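Labels for the chains are A, B, C and D, by order of writing; each one numbers its residues from 1.
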(Lines give C-alpha, C1' and ligand atoms only; values in the text may rest on other atoms or scores of the structure.)
Protein backbone atom coordinates (compact mmCIF):
# COMPACT_ATOMS: atom_id res chain seq x y z
CA UNK A 1 0.00 0.00 0.00
CA UNK A 2 1.37 3.46 -0.83
CA UNK A 3 2.06 6.09 1.79
CA UNK A 4 3.94 6.32 5.08
CA UNK A 5 3.22 5.52 8.72
CA UNK A 6 4.68 8.73 10.21
CA UNK A 7 4.11 12.32 9.14
CA UNK A 8 5.30 15.63 10.62
CA UNK A 9 4.17 19.27 10.23
CA UNK A 10 6.38 21.87 11.95
CA UNK A 11 4.38 25.01 11.03
CA UNK A 12 1.00 24.98 12.72
CA UNK A 13 -0.68 28.28 13.60
CA UNK A 14 -4.32 29.25 13.98
CA UNK A 15 -4.59 33.01 13.35
CA UNK A 16 -6.43 34.99 16.03
CA UNK A 17 -8.63 36.94 13.63
CA UNK A 18 -11.03 36.20 10.79
CA UNK A 19 -13.22 38.02 8.28
CA UNK A 20 -15.96 37.37 5.68
CA UNK A 21 -17.65 35.11 8.24
CA UNK A 22 -15.01 32.50 7.36
CA UNK A 23 -12.85 31.48 10.32
CA UNK A 24 -9.10 31.38 9.77
CA UNK A 25 -8.23 27.71 10.05
CA UNK A 26 -5.88 24.85 9.28
CA UNK A 27 -6.61 21.37 7.98
CA UNK A 28 -4.64 18.15 8.16
CA UNK A 29 -5.71 16.48 4.94
CA UNK A 30 -5.45 12.68 5.10
CA UNK A 31 -5.72 10.15 2.28
CA UNK A 32 -6.08 6.39 2.69
CA UNK A 33 -6.11 4.68 -0.72
CA UNK A 34 -5.75 1.21 0.82
CA UNK A 35 -8.33 -1.46 1.57
CA UNK A 36 -8.04 -1.29 5.37
CA UNK A 37 -9.31 1.41 7.69
CA UNK A 38 -6.49 3.42 9.30
CA UNK A 39 -6.17 4.10 13.01
CA UNK A 40 -4.61 7.59 13.05
CA UNK A 41 -3.06 9.37 16.05
CA UNK A 42 -2.26 13.07 16.31
CA UNK A 43 0.23 14.52 18.80
CA UNK A 44 0.55 18.31 19.12
CA UNK A 45 3.82 20.06 20.04
CA UNK A 46 4.38 23.54 21.43
CA UNK A 47 7.24 25.94 22.07
CA UNK A 48 7.08 26.06 25.84
CA UNK A 49 4.96 23.21 27.20
CA UNK A 50 4.66 19.44 26.92
CA UNK A 51 2.94 17.84 23.94
CA UNK A 52 -0.83 17.21 23.92
CA UNK A 53 -2.36 13.91 22.82
CA UNK A 54 -2.32 11.52 21.25
CA UNK A 55 -5.88 11.82 20.04
CA UNK A 56 -7.13 9.06 17.78
CA UNK A 57 -9.45 8.90 14.81
CA UNK A 58 -10.39 6.34 12.18
CA UNK A 59 -9.79 7.10 8.51
CA UNK A 60 -11.77 4.62 6.47
CA UNK A 61 -10.36 2.67 3.54
CA UNK A 62 -10.52 4.50 0.18
CA UNK A 63 -11.45 7.77 1.83
CA UNK A 64 -9.97 11.22 2.43
CA UNK A 65 -10.56 13.29 5.56
CA UNK A 66 -9.80 17.01 5.83
CA UNK A 67 -9.40 17.34 9.61
CA UNK A 68 -10.16 20.87 10.76
CA UNK A 69 -7.62 21.69 13.46
CA UNK A 70 -9.64 24.64 14.77
CA UNK A 71 -12.57 22.32 15.51
CA UNK A 72 -12.28 20.52 18.85
CA UNK A 73 -14.94 18.03 17.75
CA UNK A 74 -12.73 16.92 14.88
CA UNK A 75 -9.72 16.20 17.12
CA UNK A 76 -11.02 14.36 20.13
CA UNK A 77 -12.24 17.41 22.04
CA UNK A 78 -8.83 19.04 22.09
CA UNK A 79 -9.01 22.83 21.82
CA UNK A 80 -5.85 24.16 20.16
CA UNK A 81 -5.03 27.72 21.24
CA UNK A 82 -5.17 30.45 18.58
CA UNK A 83 -2.24 32.79 17.91
CA UNK A 84 0.15 30.17 19.29
CA UNK A 85 2.89 28.43 17.30
CA UNK A 86 2.49 24.66 17.33
CA UNK A 87 3.44 21.58 15.31
CA UNK A 88 2.06 18.09 15.00
CA UNK A 89 2.88 14.48 14.26
CA UNK A 90 0.53 11.96 12.67
CA UNK A 91 0.99 8.22 13.18
CA UNK A 92 -1.05 5.62 11.33
CA UNK A 93 -1.13 1.83 11.58
CA UNK A 94 -1.45 1.55 7.78
CA UNK A 95 0.26 3.79 5.22
CA UNK A 96 -1.49 7.09 4.46
CA UNK A 97 -0.58 10.45 2.90
CA UNK A 98 -0.78 13.79 4.77
CA UNK A 99 -0.90 17.37 3.46
CA UNK A 100 -1.16 20.46 5.65
CA UNK A 101 -3.00 23.67 4.66
CA UNK A 102 -3.89 27.01 6.23
CA UNK A 103 -6.52 29.58 5.29
CA UNK A 104 -5.90 32.98 6.88
CA UNK A 105 -8.83 35.38 6.45
CA UNK A 106 -7.67 37.87 9.06
CA UNK A 107 -6.60 40.76 6.83
CA UNK A 108 -9.85 41.11 4.87
CA UNK A 109 -8.77 38.89 1.98
CA UNK A 110 -7.98 35.20 1.90
CA UNK A 111 -4.51 33.73 1.82
CA UNK A 112 -3.79 30.02 1.55
CA UNK A 113 -0.69 27.90 1.97
CA UNK A 114 -0.07 24.18 1.70
CA UNK A 115 2.64 21.54 1.72
CA UNK A 116 2.83 17.80 1.70
CA UNK A 117 4.00 16.91 5.22
CA UNK A 118 7.36 15.25 5.90
CA UNK A 119 6.80 11.49 5.92
CA UNK A 120 8.86 8.47 6.82
CA UNK B 1 13.57 8.15 -16.87
CA UNK B 2 13.08 10.50 -13.91
CA UNK B 3 9.84 10.68 -11.97
CA UNK B 4 7.49 8.26 -10.25
CA UNK B 5 4.58 6.02 -11.25
CA UNK B 6 2.25 6.91 -8.37
CA UNK B 7 1.34 10.32 -7.00
CA UNK B 8 -1.10 11.40 -4.29
CA UNK B 9 -2.77 14.72 -3.38
CA UNK B 10 -4.81 14.71 -0.14
CA UNK B 11 -6.02 18.35 -0.24
CA UNK B 12 -8.39 18.86 -3.14
CA UNK B 13 -11.13 21.50 -2.88
CA UNK B 14 -12.92 23.58 -5.50
CA UNK B 15 -14.21 26.75 -3.80
CA UNK B 16 -17.89 27.52 -4.35
CA UNK B 17 -17.37 31.19 -5.23
CA UNK B 18 -15.31 33.22 -7.67
CA UNK B 19 -14.62 36.84 -8.62
CA UNK B 20 -12.90 38.97 -11.29
CA UNK B 21 -14.48 36.70 -13.93
CA UNK B 22 -11.81 34.14 -13.01
CA UNK B 23 -13.22 30.86 -11.67
CA UNK B 24 -11.68 29.46 -8.51
CA UNK B 25 -9.98 26.29 -9.64
CA UNK B 26 -7.35 23.62 -9.12
CA UNK B 27 -4.85 22.12 -11.54
CA UNK B 28 -2.98 18.85 -11.50
CA UNK B 29 0.22 19.85 -13.29
CA UNK B 30 1.92 16.91 -15.02
CA UNK B 31 5.39 16.72 -16.55
CA UNK B 32 6.68 13.94 -18.79
CA UNK B 33 10.33 14.56 -19.71
CA UNK B 34 10.73 11.07 -21.19
CA UNK B 35 10.62 9.85 -24.78
CA UNK B 36 7.42 7.81 -24.44
CA UNK B 37 3.86 9.04 -24.13
CA UNK B 38 2.38 8.40 -20.69
CA UNK B 39 -0.99 6.76 -20.05
CA UNK B 40 -2.19 8.57 -16.92
CA UNK B 41 -5.12 7.58 -14.70
CA UNK B 42 -6.82 9.75 -12.08
CA UNK B 43 -8.90 8.38 -9.19
CA UNK B 44 -10.82 10.80 -6.95
CA UNK B 45 -11.48 10.14 -3.26
CA UNK B 46 -14.11 11.67 -0.98
CA UNK B 47 -14.98 11.81 2.71
CA UNK B 48 -18.27 9.95 2.63
CA UNK B 49 -18.68 8.06 -0.64
CA UNK B 50 -16.77 5.63 -2.84
CA UNK B 51 -14.00 6.83 -5.16
CA UNK B 52 -14.73 8.02 -8.71
CA UNK B 53 -12.71 6.89 -11.71
CA UNK B 54 -10.27 5.99 -12.93
CA UNK B 55 -10.40 8.41 -15.81
CA UNK B 56 -7.56 8.17 -18.31
CA UNK B 57 -5.64 10.67 -20.39
CA UNK B 58 -2.50 10.64 -22.51
CA UNK B 59 0.42 12.92 -21.60
CA UNK B 60 2.72 13.09 -24.59
CA UNK B 61 6.49 12.65 -24.39
CA UNK B 62 8.42 15.86 -23.58
CA UNK B 63 5.26 17.74 -22.67
CA UNK B 64 3.58 19.27 -19.64
CA UNK B 65 -0.17 19.31 -19.09
CA UNK B 66 -1.91 21.53 -16.51
CA UNK B 67 -5.12 19.55 -16.01
CA UNK B 68 -7.96 21.79 -14.82
CA UNK B 69 -9.89 19.83 -12.23
CA UNK B 70 -12.93 22.13 -12.46
CA UNK B 71 -13.30 21.33 -16.16
CA UNK B 72 -15.19 18.10 -16.83
CA UNK B 73 -13.87 18.06 -20.39
CA UNK B 74 -10.30 17.84 -19.07
CA UNK B 75 -11.02 14.80 -16.86
CA UNK B 76 -13.09 12.41 -18.92
CA UNK B 77 -16.43 14.11 -18.39
CA UNK B 78 -16.27 13.79 -14.62
CA UNK B 79 -17.85 16.76 -12.83
CA UNK B 80 -16.19 17.24 -9.43
CA UNK B 81 -18.51 18.86 -6.90
CA UNK B 82 -17.57 22.33 -5.61
CA UNK B 83 -17.29 23.11 -1.88
CA UNK B 84 -16.57 19.44 -1.18
CA UNK B 85 -13.31 18.07 0.26
CA UNK B 86 -11.71 15.50 -2.03
CA UNK B 87 -8.32 13.96 -2.81
CA UNK B 88 -6.83 12.21 -5.79
CA UNK B 89 -4.31 9.64 -6.95
CA UNK B 90 -2.46 9.70 -10.26
CA UNK B 91 -1.04 6.53 -11.79
CA UNK B 92 1.17 6.54 -14.88
CA UNK B 93 2.68 3.71 -16.90
CA UNK B 94 5.92 5.69 -17.32
CA UNK B 95 7.52 7.95 -14.70
CA UNK B 96 6.15 11.50 -14.51
CA UNK B 97 6.15 14.37 -12.00
CA UNK B 98 2.98 15.86 -10.45
CA UNK B 99 2.40 19.20 -8.71
CA UNK B 100 -0.96 20.37 -7.33
CA UNK B 101 -2.10 24.01 -7.25
CA UNK B 102 -5.23 25.96 -6.29
CA UNK B 103 -6.36 29.46 -7.22
CA UNK B 104 -9.10 30.79 -4.95
CA UNK B 105 -10.66 34.02 -6.21
CA UNK B 106 -13.69 33.92 -3.94
CA UNK B 107 -12.85 36.73 -1.53
CA UNK B 108 -12.28 39.45 -4.13
CA UNK B 109 -8.52 38.94 -4.36
CA UNK B 110 -6.51 35.98 -5.58
CA UNK B 111 -4.81 33.46 -3.36
CA UNK B 112 -2.66 30.61 -4.67
CA UNK B 113 -1.17 27.52 -3.10
CA UNK B 114 0.96 24.70 -4.48
CA UNK B 115 2.91 21.62 -3.52
CA UNK B 116 4.71 18.86 -5.29
CA UNK B 117 2.49 15.81 -4.74
CA UNK B 118 3.62 12.78 -2.71
CA UNK B 119 5.17 10.30 -5.14
CA UNK B 120 6.40 6.73 -4.92
CA UNK C 1 27.80 17.28 -1.03
CA UNK C 2 24.07 17.59 -0.24
CA UNK C 3 21.46 18.07 -2.94
CA UNK C 4 20.48 16.41 -6.20
CA UNK C 5 21.56 16.59 -9.84
CA UNK C 6 18.08 16.68 -11.38
CA UNK C 7 15.09 18.80 -10.40
CA UNK C 8 11.63 19.17 -11.94
CA UNK C 9 8.87 21.80 -11.67
CA UNK C 10 5.57 20.93 -13.41
CA UNK C 11 3.63 24.12 -12.59
CA UNK C 12 5.18 27.10 -14.35
CA UNK C 13 2.97 30.05 -15.33
CA UNK C 14 3.71 33.74 -15.78
CA UNK C 15 0.45 35.67 -15.25
CA UNK C 16 -0.46 38.13 -18.01
CA UNK C 17 -1.28 41.02 -15.69
CA UNK C 18 0.41 42.91 -12.88
CA UNK C 19 -0.28 45.72 -10.43
CA UNK C 20 1.48 47.97 -7.85
CA UNK C 21 4.28 48.43 -10.38
CA UNK C 22 5.46 44.94 -9.42
CA UNK C 23 5.46 42.46 -12.31
CA UNK C 24 3.87 39.08 -11.71
CA UNK C 25 6.77 36.65 -11.88
CA UNK C 26 8.30 33.30 -11.00
CA UNK C 27 11.71 32.45 -9.63
CA UNK C 28 13.72 29.26 -9.71
CA UNK C 29 15.66 29.56 -6.46
CA UNK C 30 18.94 27.64 -6.52
CA UNK C 31 21.29 26.83 -3.64
CA UNK C 32 24.82 25.47 -3.96
CA UNK C 33 26.32 24.83 -0.52
CA UNK C 34 29.27 22.95 -1.99
CA UNK C 35 32.84 24.04 -2.69
CA UNK C 36 32.61 23.79 -6.50
CA UNK C 37 30.80 26.05 -8.91
CA UNK C 38 27.79 24.36 -10.51
CA UNK C 39 27.07 24.29 -14.23
CA UNK C 40 23.26 24.43 -14.33
CA UNK C 41 21.04 23.78 -17.36
CA UNK C 42 17.37 24.68 -17.70
CA UNK C 43 14.98 23.02 -20.18
CA UNK C 44 11.45 24.40 -20.59
CA UNK C 45 8.45 22.21 -21.50
CA UNK C 46 5.09 23.22 -22.95
CA UNK C 47 1.68 21.69 -23.61
CA UNK C 48 1.70 21.82 -27.39
CA UNK C 49 5.21 22.40 -28.72
CA UNK C 50 8.72 21.01 -28.35
CA UNK C 51 10.88 21.93 -25.35
CA UNK C 52 13.11 25.02 -25.37
CA UNK C 53 16.73 24.96 -24.23
CA UNK C 54 18.84 23.91 -22.58
CA UNK C 55 20.12 27.27 -21.45
CA UNK C 56 23.13 27.23 -19.14
CA UNK C 57 24.26 29.32 -16.20
CA UNK C 58 26.93 29.09 -13.53
CA UNK C 59 25.92 28.97 -9.86
CA UNK C 60 29.00 29.71 -7.80
CA UNK C 61 30.08 27.65 -4.80
CA UNK C 62 28.45 28.68 -1.48
CA UNK C 63 25.92 30.92 -3.23
CA UNK C 64 22.20 31.12 -3.88
CA UNK C 65 20.67 32.49 -7.07
CA UNK C 66 17.00 33.44 -7.41
CA UNK C 67 16.59 33.13 -11.19
CA UNK C 68 13.77 35.34 -12.45
CA UNK C 69 11.97 33.36 -15.13
CA UNK C 70 10.22 36.45 -16.55
CA UNK C 71 13.61 38.04 -17.27
CA UNK C 72 15.15 36.89 -20.57
CA UNK C 73 18.54 38.21 -19.45
CA UNK C 74 18.53 35.79 -16.53
CA UNK C 75 17.87 32.72 -18.68
CA UNK C 76 20.14 33.00 -21.69
CA UNK C 77 17.98 35.38 -23.68
CA UNK C 78 15.00 33.05 -23.72
CA UNK C 79 11.68 34.91 -23.53
CA UNK C 80 9.06 32.70 -21.87
CA UNK C 81 5.53 33.52 -23.02
CA UNK C 82 3.10 34.93 -20.43
CA UNK C 83 -0.33 33.35 -19.79
CA UNK C 84 1.00 30.00 -21.06
CA UNK C 85 1.31 26.82 -18.97
CA UNK C 86 4.86 25.52 -18.92
CA UNK C 87 7.17 23.34 -16.82
CA UNK C 88 10.92 23.05 -16.44
CA UNK C 89 13.78 20.72 -15.60
CA UNK C 90 17.06 21.76 -13.99
CA UNK C 91 20.20 19.68 -14.39
CA UNK C 92 23.42 20.41 -12.50
CA UNK C 93 26.85 18.80 -12.66
CA UNK C 94 27.18 19.05 -8.87
CA UNK C 95 24.39 18.56 -6.32
CA UNK C 96 22.20 21.62 -5.68
CA UNK C 97 18.76 22.33 -4.19
CA UNK C 98 15.89 23.95 -6.14
CA UNK C 99 12.71 25.68 -4.92
CA UNK C 100 10.07 27.22 -7.20
CA UNK C 101 8.01 30.32 -6.31
CA UNK C 102 5.43 32.55 -7.97
CA UNK C 103 4.27 36.08 -7.14
CA UNK C 104 0.97 36.99 -8.80
CA UNK C 105 0.12 40.69 -8.48
CA UNK C 106 -2.60 40.70 -11.13
CA UNK C 107 -5.70 41.05 -8.95
CA UNK C 108 -4.61 44.17 -7.07
CA UNK C 109 -3.14 42.28 -4.11
CA UNK C 110 -0.19 39.95 -3.92
CA UNK C 111 -0.40 36.20 -3.75
CA UNK C 112 2.61 33.91 -3.38
CA UNK C 113 3.14 30.19 -3.70
CA UNK C 114 6.20 27.98 -3.32
CA UNK C 115 7.36 24.39 -3.24
CA UNK C 116 10.64 22.58 -3.12
CA UNK C 117 10.97 21.04 -6.60
CA UNK C 118 10.97 17.29 -7.18
CA UNK C 119 14.59 16.11 -7.14
CA UNK C 120 16.40 12.88 -7.92
CA UNK D 1 14.22 9.10 15.83
CA UNK D 2 12.37 10.54 12.82
CA UNK D 3 13.68 13.47 10.82
CA UNK D 4 16.93 14.47 9.12
CA UNK D 5 20.20 16.09 10.15
CA UNK D 6 20.49 18.50 7.21
CA UNK D 7 17.85 20.80 5.74
CA UNK D 8 18.01 23.40 2.96
CA UNK D 9 15.79 26.35 1.95
CA UNK D 10 16.75 28.09 -1.32
CA UNK D 11 14.04 30.80 -1.34
CA UNK D 12 14.56 33.21 1.52
CA UNK D 13 13.41 36.83 1.16
CA UNK D 14 12.30 39.41 3.70
CA UNK D 15 10.06 41.93 1.90
CA UNK D 16 10.98 45.58 2.37
CA UNK D 17 7.46 46.78 3.16
CA UNK D 18 4.70 45.90 5.59
CA UNK D 19 1.14 46.91 6.45
CA UNK D 20 -1.58 46.37 9.11
CA UNK D 21 1.11 46.85 11.74
CA UNK D 22 2.26 43.31 10.96
CA UNK D 23 5.83 43.07 9.68
CA UNK D 24 6.44 40.99 6.57
CA UNK D 25 8.51 38.08 7.81
CA UNK D 26 9.75 34.53 7.39
CA UNK D 27 9.94 31.70 9.88
CA UNK D 28 12.05 28.56 9.96
CA UNK D 29 9.71 26.18 11.77
CA UNK D 30 11.56 23.40 13.59
CA UNK D 31 10.17 20.24 15.19
CA UNK D 32 12.05 17.92 17.51
CA UNK D 33 9.87 14.94 18.47
CA UNK D 34 12.79 13.08 20.02
CA UNK D 35 13.87 12.71 23.64
CA UNK D 36 17.13 14.67 23.32
CA UNK D 37 17.61 18.40 22.93
CA UNK D 38 18.90 19.36 19.48
CA UNK D 39 21.86 21.63 18.83
CA UNK D 40 20.82 23.44 15.64
CA UNK D 41 23.05 25.57 13.40
CA UNK D 42 21.90 27.99 10.72
CA UNK D 43 24.08 29.17 7.84
CA UNK D 44 22.82 31.91 5.50
CA UNK D 45 23.76 32.13 1.81
CA UNK D 46 23.59 35.10 -0.55
CA UNK D 47 23.90 35.84 -4.25
CA UNK D 48 27.02 37.95 -4.17
CA UNK D 49 28.84 37.58 -0.86
CA UNK D 50 30.15 34.85 1.43
CA UNK D 51 27.81 32.96 3.75
CA UNK D 52 27.02 34.23 7.26
CA UNK D 53 27.07 31.99 10.32
CA UNK D 54 26.78 29.45 11.60
CA UNK D 55 24.62 30.69 14.43
CA UNK D 56 23.54 28.11 16.96
CA UNK D 57 20.41 27.54 19.02
CA UNK D 58 19.00 24.77 21.18
CA UNK D 59 15.70 23.14 20.27
CA UNK D 60 14.48 21.22 23.28
CA UNK D 61 13.22 17.64 23.13
CA UNK D 62 9.50 17.30 22.26
CA UNK D 63 9.22 20.95 21.28
CA UNK D 64 8.65 23.06 18.19
CA UNK D 65 10.26 26.44 17.57
CA UNK D 66 9.10 28.91 14.92
CA UNK D 67 12.30 30.92 14.42
CA UNK D 68 11.54 34.41 13.14
CA UNK D 69 14.22 35.21 10.57
CA UNK D 70 13.50 38.96 10.69
CA UNK D 71 14.32 39.02 14.39
CA UNK D 72 18.03 39.30 15.12
CA UNK D 73 17.45 38.17 18.70
CA UNK D 74 16.08 34.86 17.44
CA UNK D 75 19.15 34.11 15.31
CA UNK D 76 22.17 34.94 17.38
CA UNK D 77 22.14 38.68 16.77
CA UNK D 78 22.43 38.30 13.01
CA UNK D 79 20.49 40.98 11.12
CA UNK D 80 19.39 39.63 7.73
CA UNK D 81 19.00 42.37 5.14
CA UNK D 82 15.50 43.05 3.77
CA UNK D 83 14.72 43.03 0.03
CA UNK D 84 17.70 40.74 -0.57
CA UNK D 85 17.51 37.19 -1.92
CA UNK D 86 19.05 34.67 0.43
CA UNK D 87 18.93 30.97 1.31
CA UNK D 88 19.80 28.94 4.36
CA UNK D 89 20.96 25.57 5.60
CA UNK D 90 20.04 24.02 8.96
CA UNK D 91 22.22 21.37 10.58
CA UNK D 92 21.19 19.47 13.71
CA UNK D 93 23.03 16.91 15.82
CA UNK D 94 19.81 14.91 16.24
CA UNK D 95 17.12 14.39 13.59
CA UNK D 96 14.56 17.20 13.28
CA UNK D 97 12.02 18.40 10.70
CA UNK D 98 12.11 21.88 9.07
CA UNK D 99 9.40 23.83 7.25
CA UNK D 100 9.86 27.33 5.79
CA UNK D 101 7.11 29.96 5.61
CA UNK D 102 6.76 33.60 4.55
CA UNK D 103 4.12 36.19 5.37
CA UNK D 104 4.16 39.17 3.02
CA UNK D 105 1.93 42.04 4.18
CA UNK D 106 3.40 44.66 1.87
CA UNK D 107 0.54 45.08 -0.61
CA UNK D 108 -2.20 45.84 1.92
CA UNK D 109 -3.40 42.24 2.22
CA UNK D 110 -1.65 39.17 3.55
CA UNK D 111 -0.10 36.46 1.43
CA UNK D 112 1.47 33.31 2.84
CA UNK D 113 3.62 30.57 1.38
CA UNK D 114 5.17 27.45 2.85
CA UNK D 115 7.09 24.31 2.00
CA UNK D 116 8.74 21.52 3.87
CA UNK D 117 12.47 22.15 3.36
CA UNK D 118 14.70 19.75 1.43
CA UNK D 119 16.20 17.32 3.93
CA UNK D 120 18.86 14.63 3.82
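Note that in this section a contact is a pair of C-beta atoms (placed from the backbone, for glycine too) under 8 Å apart; a residue touches a chain by one contact, two chains touch by 3 or more.
All figures in this text were calculated on a predicted structure; none of them were measured in a lab.
*Asks:* Look at both sides of the chain A and chain D contact and report whether the same residue positions are involved, with over half shared, or different ones.
*Replies:* Here the answer is different, because the shared fraction of interface numbers falls below one half.
*Asks:* Based on mean C-alpha positions, I'd like to know which chain lies farthest from chain C.
*Replies:* A
*Asks:* Fit chain B onto chain C over the CA trace and report the rotation angle, somewhere between 0 and 180 degrees, nearest 5.
*Replies:* A turn of 90 degrees brings the C-alpha atoms of chain B onto chain C.
*Asks:* Quick check: how many Å separate the C-alpha centres of chain A and chain D?
*Replies:* 22
*Asks:* I'd like to verify one number: the distance from the centre of chain A to the centre of chain C, where each centre is the average of its C-alpha atoms, in whole angstrom.
*Replies:* About 30 Å separates the centre of chain A from that of chain C.
*Asks:* Where in chain D do residues touch two or more of the other chains?
*Replies:* 109, 111-116, in rising order.
*Asks:* Help me check something: in the complex, which residues belonging to chain B touch chain C?
*Replies:* 2-3, 20, 22, 27, 29-31, 33, 62-66, 97-99, 101, 105, 109-116, 119
*Asks:* Could you please specify the touching residues of chain D with respect to chain B in the complex?
*Replies:* 109, 111, 113, 115
*Asks:* Which of the residues in chain C end up touching chain B in this complex?
*Replies:* 6, 8-13, 43, 45-48, 50-51, 85-87, 89, 102, 104, 106-109, 111-118, 120
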